[in-house]
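So that you can tell them apart, the chains are marked A, B, C, D and E in the order they are listed, and the count of residues begins at 1 in each.
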Amino acid sequence: MTTALIFLPVSGALLVWLVPMPRAWVGSTALLVSLAEVALWIAAVAGFGFGSSGLQLEDRASWFSDLHVSYHVGLYGFSLWLVGLTAVVLAASVGYACSAGRDRPRAYYGLMLLLTGAIVGVFAAQDLLLFYAFFEAMLIPLYVLVGVWGGAGRIDATLKFVLYTMAGSLLMLASIIVFGLSQGTFDLVDSGTSGSAWLFLGFAFAFAIKAPLFPFHGWLPDAYRESSPEVAAVLSGVVSKAAAFGFLRIAIAKFPGPTDDFRLPILVLAAIGLVYGSLLAFRAPDMRGVIAYSSLAQMGLITLGLFAANDLGFDGAVLQMVNHGLISGALFLLAGSVERRTATGELSRLGGLARGRPALATVLLTVGVIALAVPLSSAFAGEFLILAGVFRQGWIWAVLGAGSIVLAAMYVLRLISAVLHRGVGRAVPEQTLDLRPAELGILVPLVACLLALSAWPAAVSEHSFAGDRPARDVASGFRAPGEELTAKGALP
Amino acid sequence: MLLASFGNFLVWVVWIAAAFACLGSGVAVVSFTNPFYSALALIGNLGSLAVLYLLLAAEFVAAAQVLVYAGAVMVMFLFVIAYLGGQADAPWAGGPSWQTIGAVGAAAALLVEVVVAIGLKAGGRLSDEADVRRSFGGPAQIGRLFLTDHLLAFEITSVVLLAAAVGGVVLGAHARRGEWGSAAPERRRTT
Amino acid sequence: MITTSAWVCLLSPLVACLAIALAGNRISRRGSGYLATGAVALSFAAAVVAFVGLLGEQPDERSHLSTAWTWLGGGSYHSGLSVLVDPLSVFMMLVVSGVGSLIVAYSLGYMDGDDEERRFFAYMALFVFSMLLLVQGGNLLLLLAGWGMVGLSSYLLIGFNQRRPQAIAAAKKAFVMNAFGDATMVLALFLLVQHTGTLDFAATFERAQGLASNHWVVNLVALGLLGGAVAKSAQLPLQTWLPDAMEGPTPVSALIHAATMVTAGVYLIVRAHPLFELAPTVEDLAAGLGAATILLAGLIALVQTDVKRVIAYSTMSQIGYMFLGAGLGSYANGMFHLLTHAFFKALLFLAAGLVIHALAGEQDMRRMGGLRRLMPRTWLAFLVGALALVGVPPFSGFFSKDSILAAALDHGTYGYVLWAAGLGGALLTGLYTFRMLFLVFGGEPSPFVREHHHAHEGKEGPLSMTATVAVLAVLATVGGWIQLAGVWTPVSDWLFPVAEPLVEATGRQEAISSVLAVGLGLLGAAIAWWIYAARRGRVPRLRAVRTLLERKFYFDEAYDLVFYWPAAAISRAWGSLVEGPLVGGAGAGLGQATRGAGRLTARAQTGLLRSYALAIAASLAVLAVVFISVR
Amino acid sequence: MIRTPHVDWFALTPVLALLGAAGVALLGAVLVPRGVRKPFSALVCAGGFATAIVFAALVYARSAEGQGVIADSLLRDRFAALAQLIVAGAGLLCVGISYGERTRGDHVGEYYALLAAAGGGMAFLVGAGNLMTLFLALEWFSICLYVLCAIDVDLVGSLEAGLKYLVVGSFGSAILLFGSALVYGATGQLSLEGISRAVSAQGISDDPLLLAGLAMLITGLGFKASAAPFHMWTPDVYQGAPTPVTAFMSAATKTVALVLTLRVLVTAFPQEAHLWTVTLAVVAVVSLVVGNLAALVQRNVKRMLAYSSVSHAGFMLIPIAADSALGGRALLYYLIPYSAMSLGAFAVVAARERELGRPVTLENLAGFGWERPFLGLSMWAFMLGFAGFPLTGGFVGKFYAFSAAYRHGWTWLVIVGVLATLVSLYYYLGVVRALYLRPSAELRLAPAGGSPPREAVLQVSVAAALVVTVVSFFAVQPIIDVAKDAAGSLPF
Amino acid sequence: MPGPTVTWYLAVSVVLFATGVLGVLLRRSPLIVLLSLEIMLNGANLALIAFSRYQGRGDGQIFALSVMAVAASEVVVGLGLIVALARRKVALDVDKLTTLRG
């Protein structure tokens, strides 16, 4: 099942590339494949045993045995949600690309589908090397997606993005090798924990860049601004979650000692990122900038939750990952829609779009208020859990977090009023259309997901870890109770 | 006894003469500005080396050295130099450059190192050489070795020579065509 | 039955909101208004059913919790999506849906012709839902959810006129200040979650008793909640957003910024009184803030020229009374004042709305005057509202306000201070209320009025508006009669199971307070008459004081100075000092350095064959030295 | 009467096949009519390499136990057979790349003869069992390569490359020879195993002559492997030589040199491991630094790839320095995808070069990916493979190399390797950037008379290289098994 | 008084080798560079033969003979290259062969 989730999009990509078809069909084929992925995910949810712990929907095959590396995939509750997030956001992005139209469709859609497969693979991988392989494989399509279909400054942006990311992930590779060889296996399920601070830092560094955490976000503004909106949506909505997932599945679960030791510095960075991102979002001159920096802030928040390292923090972090993925995806797609109409994202040249365009106004407003975590929204639920969790590590984190709620209100409202309200901006033509049905068809499902989550955030937060005790689940390495560490791969 | 020591004395005399001739001509090769003289000096070098080979009981090698090396190879050399005309360059001209300093330094360092290595070794066991039969180094022994244990080396040598010959033909053959960029597009246009 | 009706009450406005939003153009503008009105009316009906249902039960059984599903869970902490039906919530449900349905109905007329009517009614319905969620929520988290949602709908409605920059700015200001309150509240909730592990009312209150000895925790919890209450209810020091919020349409001001939302702070204190009672200092602080607000708002109201702003300041001031009462532990009196205030303040706003409507949107009192003759019925309604506000018997304000003052007398020395402040407030109330009344209605019609006044088909307004005003006028008159302190106390009795009062004023205290308050109120009115109607006196020329009042005690400037400018400065500084050079520059610098090193390396590749050989020879020399010396 | 020794002809079959092909091609240069000379000699050469592949595979299959041929002057074992397989495969692909080369002119027969002869020399060299055959075989293929480099006698660049290669190469060979002489003098042995035996028998592991000789041997071998600081001929020669020859050199010469380095050091000098492991580690680091840094600033693609081959020498010296069976496995594994990628990359360069009629730079590579989708995609894959991205064997190769270093206790070497990879990304991705991200409008070369016909043969070669590159990622286990057996021939 | 020992021969061979190295590193004429390479090879040959004598084994001489052939091959190819370069009117100076650099 998990294998199917990974390779359905990949085979879709091959289909798009290899089977001759009219140009016009390419987009719809890709869309169909990504919708099929969503359907497959729903089937996976239906068959998922949320009550039981341990790895589910597991597939395993040896890759190379002398170093005990295997193709081992499977899902936990939280990975299931992240996979779902991937499927949904990617489907929306592909749909958006269809509606916007992209040059060189075969290459484009093929890469999008490949990206889908790679991201799902990251969330499903249970072998460190496989994880790394998928983690890197994400970059391959992204590099071209940003670099070819991006804006004017795309080339520098891609380069920055890739070099930053690789700087982290290559150190992670070093850590993986050392960890895997010293454990005798690269399997995440079979391997035990480690107390090495250096290894932990290797992993943490990679994830801190990917997320990104302050001050490793040098690539973020350019990448989010220069890529096409749907790719930015994927980047900030889904790809950044790979980092959070890595923190959870590897850095925290495999390095309990160093996690404790480095909690303070990481919490500090995350909190700085939260405040810093919020303040810069408040100052950003364009829509994408606001969303980009708010992403920085949100990833800081998620990291706070993860490194709170308690029940509330873990549950909240997973919930917030899903939330932020949907929100940020929807916001970037909206930014794209606005940019298509006005040819600019600069806030000073926008304005007055609400009047006469109720659909745009409603959707942007809805996503916006969820983004600023108005109580009763799913984002609020996530932030509440995270901050309640991190509160136990020290009141200051929660105070900073709560302060950032105020800042979030400030920058989101600034964004909304700058785009929708005030006088009609210079860049807004009189005959600017409202959201078209095709765009609504993409955005409304995203908003619906958010509203559904707002009505029932516990759907994610209570079904991410086994039982009531996420912290114990994490500490036990996500094993079912009674399942002992099998030393299959241990070297003599 | 006396005869033996006289023999050794004679060996020393020959050795010293040959060694100095060898080194002198070596330095001359490197120092002459005209390649023609350098080549001539190399012939002298090869000849004096042949003498040293004889002293080391390598008669066959010595003979081959004179015939093949000093004879055939160097003649080819001289032909080419004559064909090209000696273009002189002054090795020490223009004062010492970093290349010169580095060259002298590196060569001296290598010399000193290996000499030190030999010296360290000689302090140990390098002085006593093995007793050898009279046939050592003779054509028969060489021939046997070449056809038994070192058959493959022999064969390879022939292949190497053949390859070099082919190379000489390829490189020396006359064929005039244009350069990159200028000729190629022209050709394309005509086709 | 009771819980079902509570769910109906809660959800019917939400359904209306979603229906209007989703229907889009398929529903007429009018239709959306009717839909919203009907939905809110249905809520009211359901609230009445719940009320009747509760009446039929024993007082100590009047509490029903109904949970739909677990809304949020994390670890062992769970919060249900649940409604609580008990006397307090039913009381608030009645107020909210009752006044709400009246005001939504009023809007039918007020908003007629606006081309974004649908949006307005959707927002209104959303607000009513949010407010009901606030009061019905079965745990503190849902209370907070409603708390935030009313802030959101308030934001949406204040900024309803999207083209007006002031409206947008006011909306943002309101939201951000409320977000600040939300933040302090959320922190209090974190403390509670940490120490009690739950946010369900009953369980939290019960377990919080165990924390009584932990002064820090209980004080901080109470303080956090108070922060939220103060922000929402526009009390000192977070009061500045409310006057600006008058940028919203008048029905919005009536519903949200007078009758319901701004009083949520009082509801919160009453609802969470077990927590506040653990922290008497904070309770005193609440009362003190209320008292200070009474005076401050009353003073500022004296110099305002915008009719709605005057009413807004009076709202702040009146809520100050409620805070005073709730802070003192006189919960039922606070709630009672909340009820009567909802009536007469809505009345005042709606009547003012009639005036504004008739004057094509003009709100400046200095351009009004003489409207008494043009709009006599409106004048009457306004007068009723004014009298109720000032607390003149037998109008409703009298019954509720004076009980609060009396309760202050039962609170020691601190109580006397508060009492005095309250009495001062009464004087100010009379003064600014009647100043407004005389300025708007008194004298001859000003040139502006003559030019702009237009009758609505010969009447003072559409039926939906005038009828509502009439109903409210009646309620403002008789609404107070359901309780007379010490004699006839159905309200206190009703709320007793939920909020047992801490203070009980004696009859003598009641009497003294009443007499003084009424007297001072009338005195204020008389002074107003003296200056503004009879024009015999003049306002003293105290330039400094006047400026101080007109600048609203410089609160806005202070906040800009303390919060906004530093934040903006930090943001700018980080943007130019950290983001560019450090974060962006670190990567770029490393890249440049690497490329520079690359250029150097490539330069070493000179193309000179001899240097290549030299490199080999030199490396060999080094290698051999190392080998021979290390061995 | 000389008793001729028994000759194990079977062990020689790969070499003989190539020599035979060379001979037939040479005859063809004289006898076959000019018109069919090119297909004839190409076919003969390809046939020779194909036969060599078959025989090498057979030798591999039948040489589970290593044995010497003719007084151990040649070793018949799986190690040599595998290396012969790689060399012969590289030669076969090189024939495909060479076929379309225009400037071959009159010497086409000699070209293929020399190519086959060079292949034969390499095939011999990897089995060389004593220092004499080692030196001779080295000269054998070197002389062939000197000529091949210069075979475009009309181009000064080609001649310059040839002369530089010849002079510096002979210089290196002379050093190697002198080193051999010193080792011979110290031990009295020429055969590799004999040296090791003599060293332990006489207890002369600290003998200065032996060590000086070892230093010289390492220098000579490092020269052939183009490891820094013995690498400086590489960029010039690679750039100046005809591209197919460069392709062959970069794949085959490197393979042979590294394989030989491993064999010589492990077989003959196990007692000096404490010296040469560290030396090779340092050489690896220098290669990584120099190769990567210098490659950063190159515009000429061939020159850039030359520096990249220097840095790859560094990468592949890491497992040799590890001096372990794992290291041997890692090296042999890595060589397979590396050779394929290298050949493929130069093949693509050759294709572009033939289109443009001028040297390929990053500028005039612009838009190539869109014009030639297959070649572009392949080049992309090769670059990613060089950079060690997943989905290519380059990733697994680096992983194994680093694993070997870590097993040897050299985590620092892993870190250096990882950082070098990071730097290398810049220029590898620079190629991808040129291929896809830059619009081809920047290209002002629109060849007159339309683009030249596509070369099926070259495309097939590229496809084969691509298949090897990608398949080696998925089918790690079989390749590693083979490499394990091959490395098992060495006395670790 | 014994005759000169292997050490002496070795000394000569090393000096010869170093002279050759010096020639390659210093001279700009490709012809003289080739000659210097020959000197290096001859230095090595002398060492081989000396060691062969010292060890009493014939294979050193075999090696030396093969080296001669190799040296001849190198000369052939080298001279061919030089001639080809000269035909291209390239100055016979290795320092001027710098079209490939950087």
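In this text, contacts are C-beta pairs under 8 Å (C-beta built on N, C-alpha and C of every residue); 3 or more make two chains touch, one makes a residue touch a chain.
Not measured: the values here are computed from a predicted model.
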Mind listing the chains that sit against subunit B and also against subunit E? C, D
For subunit A and subunit E, chains touching each: C, D
Out of every possible chain pairing, name the one holding the most C-beta contact pairs. B-E
Taking CA centroids for every chain, report which one is farthest away from subunit E. C
By mean Cα position, the chain sitting nearest the middle: A
Compared with subunit A, which chain's mean CA position is the farthest off? B
Inter-centroid spacing, subunit D versus subunit A (mean Cα positions, whole Å): 43
Between subunit B and subunit D, what is the separation of their C-alpha centroids in Å? 29
Roughly how far is subunit A from subunit B, centre to centre by C-alpha average, rounded to an integer in Å? 69
List the centre-to-centre spacing of subunit D and subunit E in whole Å, with centres computed as mean CA coordinates. 26
At least two partner chains per residue is the criterion; list those residues in subunit A. 163
Multi-partner residues in subunit C (2 or more other chains touched) are 591, 602, 605, 607-611, 613-614, 617-618, 620, 624, 628
Junction residues of subunit B, two or more chains touched: 99, 102-103, 106-107, 110, 113-114, 116-118, 120, 126, 149-150, 153, 156-157, 160, 163-164, 167, 170-171
When you check every pair of chains, which ones turn out to touch? A-C, A-D, B-C, B-D, B-E, C-D, C-E, D-E
Per the contact definition, I'd like the list of subunit C residues that touch subunit D in the complex. 591, 594-595, 597-602, 605, 607, 609, 611-613, 615-620, 623-624, 626-628, 630-631
In the complex, go through subunit A and note every residue touching subunit C. 160, 163-164, 214-215, 217-219, 221, 276, 279-280, 282-283, 310-312, 314-316, 319, 352, 354-355, 358-359, 362, 365, 369, 372, 374-376, 380-381, 384-385, 387-389, 391-392, 395, 398-399, 402-403, 405-407, 409-410, 413-414, 417, 420-423, 455-458, 461-462, 468-471
Which part of subunit C faces subunit E closely enough to touch in the complex? 602-603, 605-610, 613-614, 617
Touching residues of subunit D toward subunit A in the complex: what are they? 326, 329, 370, 384, 389-391, 395-396, 398-400, 402-403, 406-407, 411, 414-415, 418-419, 421-422, 425-426, 429, 432-433, 436-438, 476-477, 480, 484
Which subunit D residues qualify as touching subunit C in the complex? 163-164, 167-168, 171-172, 175, 206, 208, 211-212, 214-216, 218-219, 223, 229-230, 232-233, 235-236, 275, 279, 289-290, 292-298, 423, 426
